[in-house]
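Note that subunit A is present in both complexes that follow, paired respectively with subunit B and with subunit C.
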Partner chain A sequence: MIISHINTEHYAYFKLHAEEVISSNYLNDNNEGIYIRSLQFETVNRVYEHIKSIALNNKYIVLDFEFIDYLQANILDKIVDVRDLGYHLVFINLAPSILTSLSVKTVVNHKNVKNTIKGFDIFYFFSDESCEMYDVEINSRKIFYEEFKSRLKKGNYIVEYNKVHTSSFVYLKSFIDLKKFISHETPFIYFSIYYLAVKLKKKWSSYLDKNPILVGQSLTSAFVVSILSKLLKLQILIFDKIGPITKLYNKLDKPNFENKNYIIVSDLVCLGTEVKITKNLIEFSGGKYLGNISLVKVETLTRDDMRLDNIDRTISVFSVSDKNNIELNYNIYTNLKPS
Partner chain B sequence: MGSIILHISDLHVSLDKKIGGESNPHDSYLSTSLDKEPSFQFIDRFIDTIKKDFPASRIYLLVTGDITNAGEKKEFEFALEFLNRMILGLSINTEDILLLPGDHDLNRRSMEILLVNKEDSTEAEINICKYKNFSEFYYGLLHKEFDPNAVICSTLIVNDSILLLGLNSSIQINLAQRLGIIPLQMFEEELAKVPSLKDFKVIACTHHNLTSSYEDKNNGQWEPSNRDVFISKLISSGIEFLFTGNEHSNSAKSIKNGHLTASDAGTISSKQYESTFKVYEVTINDDIILSNKIYVLQKINNNDLPYQWDIRTNDRFDQPDSFTVSQKKPPEIDEHITEMVVDLDDRITLDSEVVENDGNKNEVADYYYDPEFSDVLYDQMRKINVFHSGHFHWSETSRAHNWIDVSKLIEDKETLDILMNAIADVINVKEIYKDLDLIIGLGYEGNIIASKSVLKYGMPYSFLPYSYRYEEHHKFEKELNFGNDDGKFQNVLIITDVVNDGRTIRKLIKKRHGDFFSNVKNVFVVSLFYTGQESINKNILNFNYLSNQPWFDKENDEEVNNITFYTIKTLKVEKCPYGKDFRQQCFIYKDSLSCVNLFYDESKYLKK
Partner chain C sequence: MVTILKNNESLTPYVFYTSFLRDVALYIKDNNNIEFKLFENGDNFIYESKYRIDPITIPLLLSLMEQLSKFYEEPLKFHLFNNKATKDSLNFLFKSGFFNIAGSNNYSPYGRNILNFDINYLGGFGQKDPRPEHRVRCYSLFDNSLKKRLTNYKSEDEQRDFLISEYVYLVREHFQELLFDNDNTYLNSDYYIEILSELITNGVLHSKSNTFALMFVNQFSTKFSISDNGIGFEESLKLKKEGFLYKPNELKSSLDELRLLNINDRILHNLNYVVETLFFSSLKDRRGLFDLMVSVVLNSNGYFRLHSENSQIIISNRMRNELDVLYKLRNRLYDIYKEILITKVDQSGFKDEMILIKNQLLANFKILYKNLCDKYNNDFKYSSLRFFNVKFRGVHIEVEIPNRIS
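Our next item is the complex of A and B:
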């Protein structure tokens, strides 16, 4: 199973670190989470076998080496095997430490220019004088965002709802069915959760130092928590706020929340009501709430709109905002008339 | 005239002096001392005890190895004299003796000499060499040849009903290998040649112990790579009992959730350890029952009454009073479940239950067990203290006095890894992944522990709430999100944390998602724990199987019969003894005497 394969208009994209994380944590039992920094031959071979087994529409393949600092021996041979299937290869995010292993000096292409840290942001593994790819922007964040949006739209995961939200007194026109998304968008959903883990590590590395506990607060988020726990090597807590488990905790063996840090995990944060309830329960019990992460969040107002401080307490891999809500057919109404 | 199987082991007849004349300190009461009287006295007191307690019994003698301490010729010469004295004193026919070699009966010195002279000696040559002294002793005692290259040394038929199958677990022991092994292919081939095997209830006999009671491990003194396959072979051959020696600790212990029971006689002659032997009185009527009598030697220090044996009760020794080798009628289950105190020190497994499938007792049980996961899971459960006693109600019909809080178990990162790996291991070992079309995680906990398997096997996945929590969930969370009108999903795996009688799973399959499952051919269910009362087997969640059980409530259940069930660990929990009238009958609930933990909203039932 290859989780990061995304077909764009011009090329097929693969993130090798994501594939290495799957090899390491799920196919083998190395349990290094997303902290693994070396790329193993087995992983590249899996990518090779995957490419070999399908017919790609594009002749260009982008291999993203972000977060890879070391390469196992003979990987270049396997990469050349991929090329020999008839594809032009483009590498992005090459760290200086892997350049020798990739024999970059053997490829003469004036378009390949080292960045400030002596690596390459983009490296064309071919020497063509002219190529359509030279003018194509390759941005891994954008690739992911566009793929997520495309899948949300294509799969009809945003369904008509028209439900009154009783705790926030608004009408939700539509609902994003992420449970269905998890079931139908396999294996892309695993890439999304990987992406969430990477984002959390990048943005909240100081929080991770505090050994936070990931809190699952719904059946759907429990699945996300399960994978995040493995990728980030964090403990979990099932905080079933609506159910009886919480009651039983109070009666039997109440967990000690004191001096512990918590990150609430959701599949979807719409108005944030459920997150707030869970946050209050954690804080009431003496725990410290660090923030909340979700696959999708709805940004009804941005932090700039609200003039809040710069501490971003919410992380997601996809946002519904004023920039895409019309395209996605997602709206929230109140009884009030717009002026 | 009754019959007994007299089970002795580990005599360790030892050299009084080393070769060269130096004194040889040893642990046995039986030695090669020129003054034979102490050894004779030891044998005679033993004879007296048996004759007194079983005056008119036919005695079948089982000796499970380590007759000598070093396999030396002189040791065997004395051993022959001691055993002949025992046989004569107890009037035992030599045809009624089954004697096995132990690892102390092979002569390492001669093996070394052989290998010095011929480094490339074959295994057969090594066996002939190492058992040379033993073979001579064997012939001298039993007047028949010992085959050093056979796994099945000999057999002994007891009362035309029981066949003691003597196995040489030291056959591959050499200068490097010290643990017991039964080469499986040889065993299968030789077993197939044992005449009329099916006419008897077979009890395997080995020197090496497959499990331990003294040592803190389950593997006994057995080569780990061979142990599991050998156990599986025994069980699949319908062999449910194993008599052993070697550990110098008298015991009886269940292996593989009670599908195999091992009885160890201990050592009969040890100054350091407790000297013990066993007598199995044979009772054959409709059933075949062997009493389990443990004899212990009084520790002496030049006392006036040396070498006195007395029988020990099994009450506090964790050994059964008897072994039911064969049972004509299946055990009956009481309709009324009596209250029991749950003690975590007492592993509540199905150790002593008889395997039974749809009433066919001889069908071989198919279940999962791997100590790496099954025992570790149990240990983690104890360590984290998630087994609770009290009154737990999951629904109007599902109530128990124990609860395993799996949500607490999965909070610990390392434990969660174990749980995920355990589930993936069941799928692998039972080859469920082959032709599998969909995995469903059931409940929060099932959803969490399923994730590794889903990614590992790259399967389509969905998750559903527990049946008793259905109403609490958002409608989107109750959707399976896959259709099956075209029968695309033939084989579906449900992963969950705890299964009791499986009612909620049958309800899910037939009622909640009946349209989808109507086109499913095989439903696999894998759980961390099974807390029900049936002997563990793969079909115990099926309606037809349960219909034969007296406690089963057919009316409130769904007819589903295509479930294959595996679990990591079996823990019997106590069900609520009351019926639908529990609100009136259970004074604890009625008078709020103690905490009743509700996992569901009972208000709508109260209104009714």
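Our next item is the complex of A and C:
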């Protein structure tokens, strides 16, 4: 299973770290989560077999080496095998520690972009004088965002609704059926959760050694939480008593909340009502709320009004905002007349 | 029967090669069978006796005993004692997994039916436990359907790459915690995990059976020991075909002619084959044993002890000058290989330079060899070469990485 393969207009994209995370945590018994930093032959070989088994429309393949600090010896031979299937390779995010293993000095290309830490942001693994790829922007976050958006649209996961929101006093023009998205969009959903884990690690890096607990609060978020817990080596708490019906329908268990840190995990945060309820429950019980994350969030406020340091700001891998809500046919409205 | 742990004498790899192997050989010669006793004084002199084993000897013990049990086609008799004097060593061996691997248990880690002992002696050890990571491990192609999975890869090089990556995951699980305890290995843990995996891969591929490994860390250094019962360097080299650069026995035959050491011919041949193996490895288009060994010394100030049959070479900082030269030549050759691979240019353009480098490597290996022999002839006690009369089949490697702070 290759989770990170994304076809764009000009090239096919693979994130090798995400694939290594799958190799080490799921295909083998390592429990390193996303903390793994070395790339093994098995992973590159899986990518090779995958490319060999399908016909790619593009002749360019972008291999993203972000978060990889070490390469197994002789792995270059397999990478060259990928190239020799008939493609041009472009490497992005090369750390300085892997340049020798990739024999980068052998390939002379003035278009290659060195970065401030003496690695390469972009490394064209060919020496052609001119090439259409030289003018194409390659940004891994954008590639992922566009792919997420196009899958949402293509799979018709945004469903016309035009009814009252189940937990807040607003109307929804449509709703995003993430349950269906999770069920149908494998293996891409694993790549999305991988990205969510990366974001969580970055945001709360100073707290991770204090073992914060991931809180799931619905069936779909329990699915997300279970994978995140494996990828980040964190414990979980499932709080499935908060519905979209804004009430507790069961007695709370009494885990010891005192002096523990909690991160709330959702599949989708719209107006954040459930997150706030869960946050209150945690804080009332003596726990510390660090923040919340979600696969998808709806940005109803501008980023100036909901700043990065705001504890209630959701960390997500995909945002519905003023930039894309019309394209996605998503809106929230009230009965009041817009001025 | 042969005693393994003698009173007041720590069983180190050195003692293992020099006296223990001899004891075993003599006993077999006299009795035509073999039986072991773990503690010299058994249930006698329990207040006067003290036993100690250097943990990195455990893979060697298992490897030797496995060879013997295969030869006699049955698990070897192994007598245990559990008393005040033996308790700590017995506990250490027990917790290190020695008895699990040597015994016949049919749960993981699976017993390999090497020894026949009474499990009733194993218990009542008290509270003191060694670290759970200080455990001897057994690797084999018969585990995890590796043998079958290897058939997915056609070329031998790819099979090696696959095995190394497979062992990287296992070794990480088995030994990573220990690497974090040494500043030197902590910063490059992925690199050391790969070294260990590569050595294990060499072992299982050559031996076609079990390879034993153990890592041990204390405040001074991290040591690991890998031992297999394989065909050894000489037989492996015979399988290598003549190539564009490598001519079989080119270095060895010129070393044979030099005859710098006054030792038994068979042992000298054995040593020359070890050097020939390193030369062969330095000519390859892929990173391998030579690169790994030199980088342990040059990058980590470590020791690399390589034992095969009757000889042992200790590669260390004392050879830094010679290794530096060899490593530079080797890296230039490797770079040329990669340039040919990446740019797909015709090899013939590089032919002259490659042959030149090869000849320089050959000459410098001879220089290294001469220096080693001279030192041995001057003072064999402190030499980097050691020779043993009893042949110990297979390849046995110990790597020692000093702790940077110490």
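Quick note on the criterion: the second predicted complex is superposed on the first by the 314 of 339 C-alpha atoms of A that agree within 3 Å, B and C clash if a C-alpha of one lies under 4 Å from a C-alpha of the other, contacts with A are read in each partner's own complex, and residues count from 1 in each chain.
To be clear about the criterion, a contact is a pair of C-beta atoms (placed from the backbone, for glycine too) under 8 Å apart; a residue touches a chain by one contact, two chains touch by 3 or more.
Computed from a predicted structure; not experimentally measured.
Upon superposition of the two complexes on subunit A, a steric clash is found between subunit B and subunit C. Shared-chain residue A:Ile277: touches no atom of subunit B or subunit C.
By the touch criterion defined above, A:Asp29 reaches both subunit B and subunit C. Of the two partner chains placed by superposition, A:Cys131 touches none, neither subunit B nor subunit C. Within the superposed three-chain model, A:Leu208 lies out of touch with both subunit B and subunit C [touch as defined at top].
In the superposition on chain A, contact is made by A:Glu42 with subunit C only, not with subunit B. Contact with neither subunit B nor subunit C is seen for A:Leu56 once the two complexes are overlaid on the shared chain.
Of the two partner chains placed by superposition, A:Leu328 touches none, neither subunit B nor subunit C.
Contact comparison for subunit A: of subunit B and subunit C, B touches the greater number of residues. The superposed model places subunit C right into subunit B at 218-226; the other stretches listed in 218-226, 542-550 or 560-568 stay free of clashes. Under the contact criterion defined above, the residues of subunit A that touch both subunit B in one complex and subunit C in the other are 29, 31. Across the interface of their complex, subunit A is touched by residues 157-158, 161-162, 164-166, 168-170, 172-173, 190-191, 193-194, 198, 286-287, 291, 335, 338-339, 341-343 of subunit C. By the touch rule above, subunit A contacts subunit C in their complex via residues 23-24, 28-32, 37-38, 40-43, 45, 69-70, 72-78, 80, 103, 106-107, 125. Only residues 1, 22, 26-27, 29, 31, 175, 177, 179-180, 182-184, 186-187, 190, 213, 216, 218-220, 222-223, 225-227, 229-230, 233-238, 240, 242-245, 247-248, 251-253, 255 of subunit A touch subunit B when the two sit together in their complex.
Subunit B contributes residues 385, 388, 390, 405, 407-408, 410-413, 416-417, 420-421, 441, 443-445, 447-452, 455-456, 458, 460-463, 465, 469, 472-473, 476-477, 479, 481-482, 595, 597-600 to its touches with subunit A in the complex.
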